[in-house]
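Reviewing the structure listed below.
Chain IDs A, B and C follow the sequence of writing; residue 1 opens each chain.
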């Protein structure tokens, strides 16, 4: 009994005509065919279902543990931030050497170079410089003051003369000035103690009225101050100050 | 029994689930991210791209750079990208806000380029490298992009933007110079803009060892 | 003349909904124009795509080969190869096979063949414009979606015709049992336009901000593989295997489990291309989980096919259709399990960004899908042109050149990729070393490309002979060997 569907008339005539020509000689390839495919009804093996559920269990665990709390701002799958606070709060206090190096690269290398060697006759070196690591009359406060107000006029660095103008960097935050000074004092073989953000704040408050860049003579007239021992480690900076409003989730 | 509506519904819903999770969700969250203000300079993270660099993305796309070069820095322990110096931190969605399109890439036939602008800040290096990569790195398998350059006779003074220091089989003979076309300038401007070394709160810099 | 096996009469649910030869002949004759047009286009693009791939492979190991010109630069040839084989060969072959399967399974004569013929013409036009656009420098460099914005609408028009036709066929099908192949085809033909439209709108016509693009890109690209090519390939396997050996599919229930678990899990896999990438951790983890869950549909289908074939593996000795189809089906299992392993982050660490991924892609698209399509075409074409394949020897050459070619390619890229990946991971190892490790394997890959191109040239010659009815008229099918007495009535090819 044919169970062949009659399609509607439109579009049927053309295909009917074409196929009528071929129906007369049904080719051997069609004659020898088996029946159209059909289904058997064997049951699903039990072991497959068991494996299925085991995988689902693993999947649930994995999703729960490796999804960063399903937050939009957690990119590290090993960070389970269920308490909120996002990536920044869980990361720990930022490393001043890392921040300092970045500040240095973005602002200082233009003159002092990535190597810290400066340019002969033009920009003084920082490597082994008494201005950076201390010595003679130079104190930690002088270093911070230079960053805050700038330096101009004749200066001697490591026995050489320079006469240029260093701009002020008081637009940088206390943490950034502290970090970059910490960086230059510990890089390229320099070994001097870090500068703290509190110290920078103290000097900034004291010299708030100073707008003119310093000269070497000005600075020599000010007695040297070192950071008090024990105050070397910077306190954890407030996450809110570390740059941005929390991104929209 | 007409199973067709059931099949249709199932086919629709299963697909819709991934459409919601992997298309709609990124569209509304990642797709609407804003750059963060940089208090130091009054600019933004990521910084704005120059017009030349924006145009350079077209050259990057047209010449298929993405098929050999990735632009993604990944975290440890999944990778040693940061340890190898590909970047100071993991690249995150906000790094690609200005990318059209985002050339993340899936192959490292050549090195990752996320921070190539920081590693190679000299435009002439890039021009030399694009013109004949093997003269800069003799083991390189990068093809030559000398079709982005013009060889021309020096008239009077050499051009300011002639590529310096070319060697190799396609170096200009005496009296000639190689000058970048606009497309080459745009491409190099784009490459120089590739720096993801600014801070982002959602991607903390891992401590140095 | 009815051919109804004894077994089907024992299963009440399995109503004798088979066709007689006259009906088959009528259906086949009605599908002839569109299907042969899609097949011919597909084979054309297969040749072009193979050539583009071969040149690209050699450029990678010999960068000065054909360099210095914009149209032939690697960065344009490589996406031209990809799009030619995906949209030109694989999609066109899949559409052709899908049309024929749909007509046979819906048991209805194909209507509105002019619609499909227009679709084929537009499809070819779109692919041509797209490939030329890429070579001319308008590639979008969005993987699997490189066609410039002026080419994709042409493909859309084509697809609109195909979509309309699909709905009509289903509407007018013979009511009754909807066979598993029909579910897969119906789903594939519905999913593809949704995928393609979403991707084109959000990445090309009204691009979303860069920060979201890669997620949508890889959702699209993976789903072209999983929700367009895989269902068509499986639909073909589910038809050809039981058809050739004359046995029912082992388990209807496994078919259901396989289909729905594929539908649910496959579409979430996309982010496994971006493990470690700039996306919230949960998106990547969801894809890792979905990739592992794919074990279920893959093993389910493998069991179903294997148990159907059990006791009939002897047919592989003589049936070209079955040999290509079973090669494809077994490769499907292999490549999917490989894919699951590649999505586990601790292994992904060593294979991401390497040639291993390329090997996997070729194993899937060629070892599974293309071989499956070859098998289907070997079955379908004689029934459309009324001529038998002129040379079993040439079919044998096609099979072995292709099988050996793809095996060499995949093994080389897989091993080379692993070595590359370990080198990438070690910070003390230079980039140059990782490159030197990969190079010999890339050369072997380049050599395998010659085998594949040769296989396709053989196939193209065979197809041309069929269209022109060249060669001696044959009484019986072109088979690899004579079936033994215990084998069933010869049914294949």
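Keep in mind that, in the parts below, a residue touches a chain if its C-beta (ideal position, glycine included) is under 8 Å from a C-beta of that chain, and two chains touch if they have at least 3 such contacts.
What you are looking at is a predicted structure, and each value in this text was computed from that prediction instead of being measured.
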- Taking touching chains as linked, do they make an open path (line), a single closed cycle (ring), a hub with spokes (star), an all-linked set (complete), or other? complete
- When A-B and B-C are ranked by contacting C-beta pairs, first comes B-C
- Task: Just give me the whole-number Å value for how far the CA centre of chain A lies from that of chain C.
- Result: 41
- Centre to centre, by mean C-alpha position, how many angstrom separate chain A and chain B? 17
- Task: Compute the distance, rounded to whole Å, between the mean C-alpha positions of chain B and chain C.
- Result: 32
- Per-residue multi-chain contacts in chain A, two or more chains: 72-76
- Note on the structure: chain B touches at least 2 other chains through residues 29-30, 32-33, 75, 90, 92-94
- chain C: positions in contact with at least two other chains: 278-280, 286, 345
- Message: Going by the contact rule set out above, which residues of chain A touch chain B in the complex?
- Response: 72-76, 86-88, 91-92, 94-95, 97-99, 102, 105-106, 171-173, 176, 242-249
- Item | chain A to chain C touching residues, read off their complex | 2-5, 7-8, 10-12, 14-16, 18-19, 21-23, 25-45, 48, 51-52, 55-56, 58-59, 62-63, 66-77, 79
- Note on the structure: In the complex, chain B touches chain A at residues 29-30, 32-34, 36-40, 75, 88, 90, 92-94, 197-205, 207-208
- Query: Once bound in the complex, which stretches of chain C touch chain B?
  - Reply: 59-61, 63-64, 67-70, 73-76, 78-79, 137-143, 170, 175, 178, 183, 186-187, 190-191, 194, 198, 202-203, 207-217, 219, 223, 227, 260, 263-264, 267-268, 270-271, 273-280, 283, 286-287, 345, 348-349, 352-354, 357-358, 424-427, 431-432, 435-436
- Item | chain C-facing residues of chain B, complex | 2-4, 7-8, 10-12, 14-15, 17-19, 21-23, 25-27, 29-33, 60-68, 70, 72, 74-75, 77-80, 83-84, 90-109, 111, 133-134, 139-147, 170
